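Below are two complexes that have chain A in common, paired first with chain B and then with chain C.
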Partner chain A sequence: MSEILLGVKNLNVSYFNTKVVSNIYFNIFKGETYALVGESGCGKSTIASSIMRTLPEIAHIDADSQILYYASPHPVDLLKVPEYEFSNNFRWREIAMVPQGALNSLNPTIRIKDHFMETARAHNLDKKEALEKAWKLLEAVKLDPHRVLSLYPIEMSGGMKQRVLIALALLLNPKLLILDEPTTALDVLTQREILIMLNELKAKYGLTYMLISHDIALVADIADRVAIIYAGRIVEESNVENIFYNPKHPYTIGLLKAVLKLGEFREPETIPGSTPDYRKLPPGCKFHPRCPFAMDICRREEPPFIEVEKDHFVSCWLYAKR
Partner chain B sequence: MSLIEAKGIVVTFAIRKGLKKLPFNAVDNVDLEIEQGMIVGLLGESGSGKTTLGKVTLDLVKPTKGIVKFMGKDIRKMYKEDYRKYRLNAQYVPQDPYASLHPFKTTKDILMDIIKYHKLVHSDKEALELVSDTMIKVGLNPPEKYLNKYPFQLSGGERQRVSIARALLLKPMYIVADEPVTMLDASLKGAIVSTLKNAIQAMRTSLLFITHEITLLQYFGSQTKVLVMYLGRVVEQAPLGELLQNPLHPYTQALISAIPVADPKARASRKLLLRGSPPSPLSKPPGCPLSDRCPFVTEKCRKEEVVLKAISSKHLVACHLY
Partner chain C sequence: MNWALRKAIFSLAAWFLAVSISILIIVLSPGDPALIMLTGFLQQGIPYDQAVRMVQAYIGFSPAEPWWSKWLRYLLGVVTGNLGVSITYRIPVAQLIANAIPWSIFFVSYSLSLTVILGVLIGIALAYYRSNTIFVRSVTTVLTVFNSIPNWILAAVFFVYIGARWQLLPYMGPYSNDVTPGLNLQFIASVLYHYTLPTMVMVLTSIPGWAFGISAMASAILKEDFITYAKARGLPSSRILWTYITRNSILPIYANIAITFTWLLVGTVWLESQFLLPGLGSLLATTSGARDYPVMIGVYVILITAIVLGALFTDLTYGFIDPRARVGET
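Entry: the complex of A and B
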C-alpha cells in the first residue's frame, strides 16, 4: 500500500449560511493522479481552494473539518496551521496550484521573468537561485527560456501560457500539484502536448496530481482514481477502470452516457433536470429529483457511503444492504 | 442548386508592424457548398480560419476574392429585396453565451426585439406566441419561467439556448453555429447540440457547425460532410464516418489520435503525431502549409502547392502523398 500524502476528513464549507461542500472525505496517495469530477457549481473548486487556503473571506469551514498533510513524520492539519506558517511552509512549497483559465491568469503588465521573481520574493527565495530554477523548469515544460523569460503574456499562445503557469507552480518544488481544468480552452494538439508533458513532469519531479475537471474524457486519459461530486458531496469514488467500466451511481452513469466516445454515433443521453440550487437542496439524496431509480427512502434519508467492491465506494440507496 | 455556395474565397487581413502592413490570408482559396437541409461540420484549431469562413457565408466579413451565392444568386449582385431575404434567412449562433446576450435586457426583450425589428407579426400578442413557441423548441420550457429573467440569472446552458432561440426565431434557411458549446460543461454539450439538431431538422434548415471537437460532430451522424481546415486551407473533406475510419491527411490523423477519449483503455492509442504549434500565418511555409511539421514531408511538399484532390466521390484530400 502506498503512502497517503493528503487526507481530507469531514470537510464542510459554507458561504454565508449555505453549505456548498458537505462531508467530504478522501485520501490522495503519493505519486497518483486523483481526479475530482463534477459539473460547474458542484463544489470541486471550493475543495481545491480549501486545501490551498485561498477561499474568500465569506466562506466558512466547519471547526471539525480536517485536511491532513503527511509530509513531515507527523501529519499536519492544514486548516489549523497559522496563516503565516502556512504561506511560509506549505503554500507553493508543498502544495501548488495551476489555476483555471490559463489565458487570463498571468499579469498582463509584467514580463514572464517578473512572474517568477514575484513568486520567489513572496516565498523568500534567493533571486539568482530562482532564476536558475525558472530556466530549468521552462526547459522542462519545453519552452525556450531565453526567449520566453522576456515576453509579456500577450505575446504568447494559450499553450505557452499554460506551460508557464505549470513551470511557475513548480518553482518551489511542491509535492502536490492541483490542476484546475488544465486543458480547457486549448486546441486538441496542444492539449495532447500538455498531457504528455504533465506525465513526464510527474515522473521527473516525483509529483502527485489532484485534477479538477468536468471533462470525463480528460479524466479517463490521465487519472488513476476518481471522485464524482454532486451538490458538494462525493457520490462515487474508485479507480478509473471501475468508474468507467463498472459505474454504480446513477449520476456517474448519466455523466458517462452524456459524452460520445470517438467513432460512436448515437443520440446523446442527458441527465434530466438541472443542477440543484444550494439554497433549497432537496431532502434525502440530493440527486433524487433527477434520478430514474429514485425510491421512497431516497426522498427521506441521505444515503450512506457504501463499499460495493474493494476500493469502490458509492453513496446510493440502490446498493445499501437492508 | 445549393443553398449556400462559396467559391474561391480568399480573406486577407493585415497585421501592422510599425509603418508596414503585413498582409496574410486568413482564408486561402476555399470552396464550400451547403445544400438545403444539410449539416456541414467545419473542423479546425484556433487560427485555422474556420470562423472567418463562416462569417463570409453570412456576409459579416467581406472576402478579398471569391463569391458567395445564396440560392444561386451572387449576394454582391443581388437586388435589395433578395439581399434582405438572404439576411433574414442566414442567422448566427455565437460562441460565448456570456458575452453575446445584452445584459440589460430580459430574455423576452432579447427575443421580441428581433421580431419587432423585422416586423414579422402585427401585434405583441402574436410576437409573444412566436417567442414562446421557439423557446419550447429549444428546451426553455415552460417559457414563462425564463421570459422575465436577465442573462445573469440564467446558467450557461440556458443562455446558449436563448442564443439558439434567437437564431431560430426568423425560421432561417441557414444557420452558422460558431463553437456553440465550447464554454459549457462536457455533460451539457450533447444536450445543446441535439436541441440545435432537432430544431433545424424540423425546419429543414441548413447548418454550418464550426468546432474543434470532432466528437461533437458525431451527434449529427456518420454521413455529415466535414471539412478540416488548417492555416486557412481545407486539407481534407469527407463524410464523418469515413473521416474517422480512414483519415488520409497527416493533420487529420494527428487531430483524431490526439483527442482524449472517455475510455481508460484507449490511453495507449492516444498520441501526438504533430509537434509544435501552427506557425503564424505570416510565416506560412511555401508549398503545403503543413510541410514544416509533417512527419511524411518530402521535397515536393516544400515546393509545390497542394490542391484538393478527389480520392473517391466524397473524399477529398490536399496532400502530395495521394
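Entry: the complex of A and C
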C-alpha cells in the first residue's frame, strides 16, 4: 500500500457562489478501501462527482484544484484533460462508480442486457466480447446471467439491482471503483451479502475502492482508511483503527457516540445543532457552534491540519501546539 | 392471452352498457321526433288514427310501443348493422355515418399524429435545453398564446385572412371540384392541400397542451437517478435523449392518445363547419338542430364503439412500450 492511485489536491467546488467543498486533500493508495464519511449534505457526493466529472453545470471547480490519476507513467490531472479524452480513456475504463440510489439507477424501459450493451457501445467495446464479459460479471456477483440479462429493472429486487450495478461498473475493468452509499436502502441481510461480495471482487479483480457512506458500521467493516468530512472539509483522517478506537476530532467522537453497539442499551447520543447552512458558514472552525470543547480561537481562525500521531491527521485547535 | 380475452369480454360488456344507457336516455327524454311529426299531421286536420299510421309508416316508429321494446329492437338493429333511417335525409343512418366517418378519421389521425410528434419534440426540447432561458422563454410564450386561443377563433381568423383575403390556401370544402374522388394521386394531393389550413389550426391550438405535458414529464425524468448514472457511464447524449428521456416521458401520454382521438372524432365540429368539411362532427351538428334522433343515436353508438375499441387497443398495446405494464410474463 504505497503506490498512490488517485490524489486529490486542494479541491474546491462551489455552486453559484456558495462553496460546498473546500480545500480537500487526500490520496488513495492502490488496493485499499478509502472511505469518505459524513452526514448527508456534507459534500462527499460532490467529491465523487468531481472525480467522475458528472457535476451539474452550475457547479464550479476552482482552477487550482487537482485530481491526479496515477495509472500511466505520468500522473494525469482529471480536471484538466479534455472531455473526449476523459471519456475515452478514464471514464468507466479506469474509474467507474456504483451510484447512490440503486433502486432507481436503471432505465425502467430497457432490459438489463441493453444496459450492458449500451455501456459497451459507448466505450467501443466489441458486442460479443461485451456480452461474454457481462455474463462473467453477473456470475461473479452471484446472479444467474441467463435470466437476469433478459429482465427489466422492475422485475428485480433491490439487492439484485445493486449487484447488477456492481457488475455494470466492472464491465471495462476499471482500477478504481467509487461506491456511493452501496448498501443504503437494502435490508440488513442483503447488505451483508453485498459487503462480502465487494470484498471478494476486490481481491479477484485487484480493485481499489473509494467508499462514500454515512453508515459507520459499513465503514468499520470494509474501509482501510477513513476521512471524516464536515461542512465540505476533511476534519480527521486516519486508518480505520485510529478512527474507531482513538478518535480525536470532537465531531468524529460525536458521530461514533451516535452509533449503538449490539446489546448496548442507552439513548444514542446526538450531536447538538444541525448541519451548517453553506451560505452562512461560521468563521473559524466550521464545527465550533456544535462543539462542546469550543475555545476562543475556534471562533476566529480555521484550525490547521495536524498530524497527532503517525498517519493520523486532525483539523482541530485542541491538538495544536500553542 | 387469458388476460387479453378477459379485457375483450370486459370491453364488450362496457360497450353494451354504454350503448344501452345512451339509447335509454335519448328514448326517455322529451321531444320525441315521432310525436313532433304526429302533432304536425294532427294540425293539418288529419284524423288521429290515420296520423299515427302515417307516422309509423313514415319513420317505422311507433309512439305506442313500450320503451323497453324500442330499446331491444334498436339494440338488435345495431348488432345487425341497421341504425334506422334518418328523419331529415330519408336515407339509412348507417350510410350517412359511413360517408362521414372516413373524413373524420382522416382529419383526426392526420392532425393528431402531427400534433403528438411535434408536441413531444417541442416538450422534450423545452426540458432538455432548460438552461437556455432565451429559447425556453420564447417558445413558452408562443405556446401560451396558442394555448389560450380557442381553435374556432383561430379557424375564423385563418379562414378570413389566409383563406378568403390573401387566397394563400384553400379554405372551403374537402377537395377541389375538378378531381374525381377515388384512389388517385390528384385526389389525394387535392385533399391534403385542402386540409392544410384546418390541420394547421388544429395542430397549432393543440400542440401547447401536449408540449407542456411532455415538458413537465421530461423535467421530472431529467432529475431521476438513472439519467445521472447514464451520464456517469459515458452514454452519448443522443442515447440519453431518446432512450432515457423521451421514451420514459411519453409513457404517461400514450394512454391519452386513443382517448383524445375518439374525443376529436366529434370534437372538430367547429373546424368542420368553418371550412365546410364532411365528418361526424358536422353530421352531428346539422342533425342535432333538426332533432334527427336516429342519426344522433347512430353517431353516439359509433363513438362509444370507437372509445371502447380505443381503450382496449391502448390496454393491449401498452405493455409493448412500458415493460412495467406487461402481464403474464416473467
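Throughout what follows, the second predicted complex is superposed on the first by the 321 of 322 C-alpha atoms of A that agree within 3 Å, B and C clash if a C-alpha of one lies under 4 Å from a C-alpha of the other, contacts with A are read in each partner's own complex, and residues count from 1 in each chain.
One rule holds for everything that comes next: a residue touches a chain if its C-beta (ideal position, glycine included) is under 8 Å from a C-beta of that chain, and two chains touch if they have at least 3 such contacts.
Predicted model only: the values in this text are computed from it and were never measured.
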Inset, instruction - Counting touched residues of chain A, say whether chain B or chain C comes out ahead. - result: B
Legend entry - First, second, both or neither for A:57, with chain B first and chain C second: second
Legend entry - Touched partner set for A:220, first chain B, second chain C, both or neither: first
Inset, instruction - Please work out whether A:72 is in contact with chain B alone, chain C alone, both, or neither, and reply first, second, both or neither. - result: neither
Legend entry - Which of chain B and chain C A:17 touches, first, second, both or neither: neither
Inset, instruction - Using the touch definition from the top, say if A:189 reaches chain B (first), chain C (second), both or neither. - result: first
Inset, instruction - Based on the superposed arrangement, let me know which partner A:124 touches: chain B (first), chain C (second), both, or neither? - result: neither
Legend entry - Residue numbers on chain A that touch chain C, as the complex places them: 52, 54, 57, 87, 91-92, 97, 99-101, 104-111, 118-119, 122-123, 152, 154-155, 165, 168
Legend entry - Residue numbers on chain C that touch chain A, as the complex places them: 131, 224-226, 228-236, 239, 243-244, 247-248, 251, 321-324, 330
Legend entry - Touch list for chain A against partner chain B, complex: 39-40, 157-159, 183, 185, 187-193, 195-196, 214-218, 220-221, 240-241, 244-245, 254-256, 258-265, 267-271, 274-275
Inset, instruction - Write out the stretch or stretches of chain B touching chain A in their complex. - result: 45-46, 155-157, 182, 185-191, 193-194, 212-215, 218-219, 221-222, 241, 244-245, 254-256, 258-264, 266-267, 270-272, 274-275, 277
